[in-house]
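As written, the chains take the letters A, B, C and D, and residue 1 is the first residue of each chain.
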């Protein structure tokens, strides 16, 4: 009886630390968006020069929503995780490592999207997202293995659904990386689409969660 | 009975994440304030050179209080929101997107306030604040629709008052954007005035909240 | 009975937001410490070039402990504040404004401490600390006025002691600003000494607090 | 009875502030990783230029995991600390000072790892880690002295184990600093290895903690 609140506080502090990291990454992304050159602004006007930087805004927005969706999923995952152990802290730390790096590939794709280096830039961008998806998968698999760290009330149907949706995500991020060989713009469009897809609430999972909540 | 605390924890984690984002944005604004050029300091003295940068300080202070007021309002809103769903998380994420962008139009208005590009700079600055006000409106409307996510104790008179004050804000930000066509300085003064207006406590709402609190 | 926890949660969220701002300011200070010029490093060696930047380290450390002490005092203040109202949020917001600006005068004093502009630089640095001390005083006075926002258990002897120590601080920061006219290094030494003075626990206050805690 | 929750809230706010600082440091490290020069990218290709910066990535990753491990250990320490006093806040503040500085030696080692200044750069990097380990040791010793700030339930066997592992860490960081005289790469390898060593869960401590938890 005394153990339960203690371990719950444990997972809460991991959540709080992770929330901090997600919140900071999401907020720092804008600092890769630089003002246009003063000389160019004088020549062409401010609005025209800002409009030219649309690749930077696109990369910024795409990364913002990628990290936001990562946070929403991390958040959902921790609503069913009830216990923490050292391995969970390390795998979570690995995921946070992946997330803190995101501003770097973002600045690469922002700088080289309209450049001959486009293919390499999109490869690094989507390749990193694929690695982050793998890190998320590792965290999930470790926690989910035999319901290791879940509360007993978690319906196995939920974990099956979540597992399936994460697997699909992993395959699609890999597809985005591979399609970059043929068409970098399509590759980028896929990874932006994936953020949208994962942001949309999965009705089935929500229903299952509500049900198991009521019966808990 | 078991559901209530669970969903309350849910909104608390959204609040914590949002608080993190607001706190970081508010703190990072100062990093757009750069030191004056060493050569100019040697020629004219440090204080004289710093004084020349008053547009930067004005833009910094205006944005600080805009984001602070956004936080206070976000905070007030979540004191009456009692449940979270996925759409709330997304609309909240959209608002946070708007807030994290604020340092960028701030640096634009700081750089071009005394420049021929003044009108365009103020347009971007106030235009973005108008967009953020719309994002806030969306979040509010979604939560308020049929008291969807509110606790049952919320007095309809409160929600009517809040809705009215948000509508006024939206119209006034739009007015600020339009007035920029005639006079950029007046436009900027309006948007600074709005931050002050929204910071001042609405006596009627506070009274109503205290009443409903006591009767809850 | 229902009101107490609600308002307590209110002050807790203000504390959390403020903690975030303090934590970010304290962490960002290091980003004003720049690497030495590569050419100078090649000529003179890395350690020699780093040693030349001692004014930057001094300014960094002084500001770090100034903000840390501000946080400790803010923290202490909120252990006796039990209710929040809108004015408290605004005065707290004003204090946070003062705190987020700190990296800017820090970079000024770091850049101009060994320069003919030394006096102006120290004036801005200590002048800003004096303004922040005034903001803290405003927050304190508002909350302390007739024990407005304190829990009833707070011993008046504690508030008298705190008030006295804050008044002393204010006078000494003003003294530091004035002494800059005669000797900038002495002025700087005083403001560094003040951070140390406020960091040291006030035995009398602690004793009084422990007593009132036990009798609460 | 009334005191316990009060002081527990006290340690929780210190933890929250510290978590914020750790989370921000860990997230800001990536901002030392700069894009390669556009001219070099045009000449050699993006991937080739990025690959050349491997020392930057190594320094970034090593510092990330150093700070993460510091956070995990800080976290573990505070699970057994039950009371806070002013000295604890100051010693904790000193540790946070050490942690916020980490991005600076990281950027030094990233810039000079393949340079004639390699030895000095690794000395600063590992030397700083050694100082941070001393700060951690001070915090630990103060809290552990006669179980000063621990809950009574803490098994002395746990504190003995933790103390031993911290002492080993301190000696090994010192060894890393000294070995830099002979071989900077070996010195760097040791400090990276130490982060791994401290990340791995200490089975004995975990077992003891679980036992004392159950009997608490």
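In the analysis below, contacts are C-beta pairs under 8 Å (C-beta built on N, C-alpha and C of every residue); 3 or more make two chains touch, one makes a residue touch a chain.
The shown structure was predicted, so the numbers you read here are calculated from the model rather than taken from an experiment.
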If a chain touches subunit A and subunit B alike, it appears here: none
Angle of the C-alpha superposing rotation, subunit A to subunit D, to the nearest 5 degrees: 90
Interchain centroid distance [CA atoms averaged], subunit C/subunit D, Å: 26
Where subunit B and subunit D are represented by their mean Cα positions, the distance between them in whole Å: 36
For subunit A, residues contacting two or more additional chains: 16, 20, 24, 28, 31
Chains touching one another, given as label pairs in label order: A-B, A-D, B-C, C-D
Residue ranges of subunit A in contact with subunit B within the complex: 15-16, 19-20, 22-24, 26-31, 33, 35, 38, 41-42, 45-47, 50, 61, 64-65, 68, 71-72, 75, 79, 199-201, 206, 213-214, 216
Residue numbers on subunit D that touch subunit C, as the complex places them: 2-3, 6, 10, 13, 16-17, 20-21, 24-25, 28, 31, 85-87, 89-90, 93, 96-97, 100-101, 103-104, 107-108, 111-112, 116-117, 120-121, 123-124
